[in-house]
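Next come two complexes, and both contain chain A; in the first it sits with chain B, in the second with chain C.
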Partner chain A sequence: MAQNTEEIIRVENLTKVFGSGKKAVKAVNKINFSIKRGEIVSLVGQSGSGKTTVTRLILRLLKETEGKIIFEGKDVTNIKSEEKKEYWKKVQAIFQDPYASFNIFSPVKKVLLDTFKLFNSSYSKKEKEKLICETLESVNLRPEEVVDKYPFELSGGQRQRIMIARAHLIRPQLLLADEPTSMIDANLRSGILELLLSLRDTDGCTIMFVTHDLGLAYYVSDRIFIMHEGEIVEEGSANKIITAPEHPYTKQLIKDVPKLSEEWLTS
Partner chain B sequence: MSIIKLLLKSPKFLIGFGLFVFLLLTAFIYPAVSTKDPLDMVGFMYEPPSSTFLLGTDNFGRDVFVELIHGMKSSIIIGLFSGLIATAIGITIGLFAGYKGGMVDNILNSITNIFLVIPPFVILILITVSIESRSLLTMGLVLGITSWPWTARAVRAQSLSLRNREHVDIARLNGASTFEIIVKEIMPYILSYIFMAFIIQVASAILSEAGISMLGLGPSNIVSLGTMLSWALLFGAVRSGAWWAFIPPTLVIALITFSLYIMNTGMDEVFNPQLRS
Partner chain C sequence: MTTKKTVLEVNNLKTYYQTRLGEKIKAVHSVSFKLCEGEIFGIAGESGCGKSTLAMSISGLFLPPLKHESGSVFLEGENIFKKDINYLRKEILGKKYSYIPQSAMNALNPTIKIKDFVIDLMKEHEPEMKEKEILELTRDRFESLSLPSRVLDLYPLELSGGMKQRVVVAISTLMNPVVVAADEPTSALDVSTQKMVIKLIKELFDDGIVKSIIFITHELPVLRHICDRIAVMYAGEFVEVGKMEDVIFNPIHPYSQALMQSILVPEEGMKEKKLPCLPGSPPDLRKIPTGCRFADRCPIATEECKKEEVEMTSLGDRSVRCIRINYIMMQGKKVTPYGTKY
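Up next, the complex of A and B:
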């Protein structure tokens, strides 16, 4: 596992409260963590624990209620539009729902062509299309079979591959993958997962993998953060989390993954 | 597209659409081919329907049938123009408020609420009396700028529910501007709502025009369905038993609004199938 000790991102006291008064929901509550360059970490928690909110906060798609985000040593908490574009060249995401990730009114190549907006690039249309084709090939899609199609003409797996191609086209430093396989047919999951994780090797990308599946997190990541009701209740290396969990909630999660508890707790 | 095919299978939409197109064509083709001036006094007061005057004459001895068709044209023009204005203002404010949220939403929402709580008739009467000569387009404009809040509200709610969709996030992560996102990522998704809101705006503008014109605040020197009713009221058509002076315009107003409402209901059933029980 190629990694050094340089920190790529750190969040401090990050908090998000939705709504106000009696209806206020504390989706993320004073969380702190740090990720090193080249690591793959997983953020694990059940539905509603605040994982997507953390992702959107880091992406600066959502304003925090409190706290700080430090990326590559720089405080990015209050960046504005042009700085955000710079930030998004380096921090990108793949979302859970490969259907909702597409604008149903545009052909597939639009979402890929639009990534060039981030770069004020001087590529000609031809060059852009060539890059797109190469990238699609790298995620095992035949460009001529997908680029002019509308999203509804493609399968969930194909769509998620296109989203990976999109990330690959941008080559971010940090990729946040929010449950990228949870809505994909089980038999296609490992293919998508492998492709995603390969971005660490091809692009040198750091990955934060978000999932409710502790088994999957163990399988893909170096370190795991356990999230429960808006808080990170435990963090540690994947091995430590599985073999020596400390927090009662983590223990509960491990029990809920029968195979894991058999394989790892007994060995 | 398949949506259009679905619409063409909805009897309600077809009836409404067919009826509206028929009324529209009548209103625009007849005045283009006939040289009869609706304001010409061609007979005596309240002559009953006959072979010369299909629908009799009004209090000024004018041909009601000719007036009716010209009035229909005026009312439809006012309705469409007002609908366009109300829809344009309503979607601009609604899309922005819903997508931007926060302060922008609070401010725009307050403006919308102010317009919502002031009875539109009060604003309408105030504006109408302060404009000296009222053309069809000023009437449309006045009705349009008083009726957009309803559309703004509906569009805001839709836009609010779309702004956290993943394709919107992806567009933002691609560095798209707010304007691009509103136009490309949000508006297409609510086009059917916008169109439905437009139809209702047209219908309600036609009704409001009738109401205002009955109060004598309608367009000047132009026949509209509302001004016909106003004259009938003023010159005692009901008392004189001259039903042909007020029943035809009332019926035509009812027909136009009926055609629009039923078109809207048909579209609603196609676009929101879950509402069908």
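Up next, the complex of A and C:
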């Protein structure tokens, strides 16, 4: 795993408050982190800890209340529509529910072709189709089997892999994976995880993996950020977080996850 | 274990869903098992393999489109498929067999307080009981389980997800059922609340309030901590049944092997683990292929496997539904493919 030391994204003092006055909810509270190129970083937290808000903020789908996002050395906090398109060529995301991310009325092929349209690509139709085939193969799907199908005809695992293919078509620098495996079964989950790892190894794609499952996070990532009530309470290498956690919340979290070797219910 | 009383006996149970198009979705196929007193029996499997349908079928209450095809269920010696529906509702459900549903959010009535819900429920079973008695009983039970009894005066929406689930567990076991089927009781909860709910279920068991538990989950690490025996279910069938340690740490059936290999927990050594990749997906339960149901995805399947239905083979205290057990044993019980392309 040759790793660059070059920073791809840095987040400074990022804060998001929903609502105002008495009902204000601080979903994300002054978080700071930086991710290096080619790294896989996991953002781990329980439901409601603000993980998804962070991904939305980085994607610029939400306006921050305070703070800065610096991508490849450039401040992207205040980018406008055209610049956003450029930004999205480099930053892509896959979401938890692969069903909600599809247009249910169009077959897979159209969904993938639309991706090119959105990003003003200059490829010819043939080139596009070739690229689609290659990308589908790279996510272990047989192109001839899936391109003419509608989303509802596909299994959960296939749908999620097509989502990854769609994001991968654009060859992003940074891929935000928001709970990509929480709706699919253990056996298919392995496939998705291996796929994400291979995207990093072959294309050098940087991945931010958002999950509530510490076991998954430990398996895929180089570093782990533990998020609790809108704050990152602890960060460190995956090994350090799992074997020698420091923050009381992290300790509690690790204790509460059922493991194979240790006693769980009595602890 | 041999001297213990059998409380539940399921013999060759087959149930199906009738679709509007007249198709049969065979969700549970030839399931047989015995549950002894004082035993926690885990059922593991992926979504859609028939775990929940099995738990519902055991109750004998077949709500359309679920239908019974063949097989029998004996609960404390009573053949419950021979009883009429009113008897089942009043005397079996809740009293002898209780089902803890997956989403507590939908189990409680959102328009009435928890206490009114409990009163409604108990009146169905014990019409002579007075409201005061019911409330006293409930309060005692809540206190003995260290649940705050003030929740009785609240509406479901005022409770957190974990609290709702614990309330549902407490209510489902109010009448000291013999067998409790807990169907993914923690799937919507985060790890800390999950632990609390499971501790509560274990407490009910340790206190002798419930005699035996069927615990259904797709989360294998949880089964590791509470079960005595485990069944692995695939496409409506049990493919392997055995002691917890054997099935989790030393599985035989190729599917159980793949399933156990895909467990990921935050533990030293997990990072180096190789994850198995099974090709394809489970069969369509409307058109089940002949022969072994796992054959299409199995790394060691032969033509022989697809010829006729595979029966359970007994190996001492474990049984496996596979005709290639000898081959698996020769391979040192390791036949999972790693990192194979789809």
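Operating definition for what follows: the second predicted complex is superposed on the first by the 256 of 267 C-alpha atoms of A that agree within 3 Å, B and C clash if a C-alpha of one lies under 4 Å from a C-alpha of the other, contacts with A are read in each partner's own complex, and residues count from 1 in each chain.
The rule is short, and it goes like this: a contact is a pair of C-beta atoms (placed from the backbone, for glycine too) under 8 Å apart; a residue touches a chain by one contact, two chains touch by 3 or more.
Note that this is a predicted model, so its numbers are computed, not measured.
After alignment on the shared chain A, the placement of chain B and chain C results in a side-by-side fit free of clashes.
In the superposition on chain A, A:K16 contacts neither chain B nor chain C. In the superposition on chain A, no contact is made by A:H168 with either chain B or chain C.
The three-chain arrangement built by superposing both structures on chain A places chain B and chain C 80° apart around the Cα centre of chain A, to the nearest 10.
When the two structures are aligned on the shared chain, A:R37 is found in touch with neither chain B nor chain C. Of the two partner chains, chain C is the only one that A:R189 touches; chain B does not reach it.
The wider contact with chain A, measured as residues touched, comes from C rather than the other of chain B and chain C.
Shared-chain residue A:R200: touches no atom of chain B or chain C. Using the contact criterion defined above for the overlaid structures, shared-chain residue A:I242 touches chain C, although it does not reach chain B.
Remark: least CA distance from chain B to chain C after fitting both complexes onto chain A is 12 Å. Comparing which residues of chain A touch chain B with which touch chain C, the overlap is empty. Touching chain C in their complex are the following residues of chain A: 46-47, 140-141, 155, 157, 185-191, 193-194, 212-219, 238-239, 242-243, 252-254, 256-265. Contacts from chain C toward chain A in the complex involve residues 46-47, 190-192, 194-195, 198-199, 202, 218-222, 224-226, 248-249, 258-259, 262-268, 270-271, 273, 275-278, 281, 339, 341-342.
Those residues of chain B that touch chain A in the shared complex are 165-167, 169-176, 184-185, 188-189. Chain contact summary for the complex, chain A toward chain B: residues 56, 59, 61, 84-85, 88, 92-93, 95-97, 100-106, 111, 114-115, 117-118, 163, 166.
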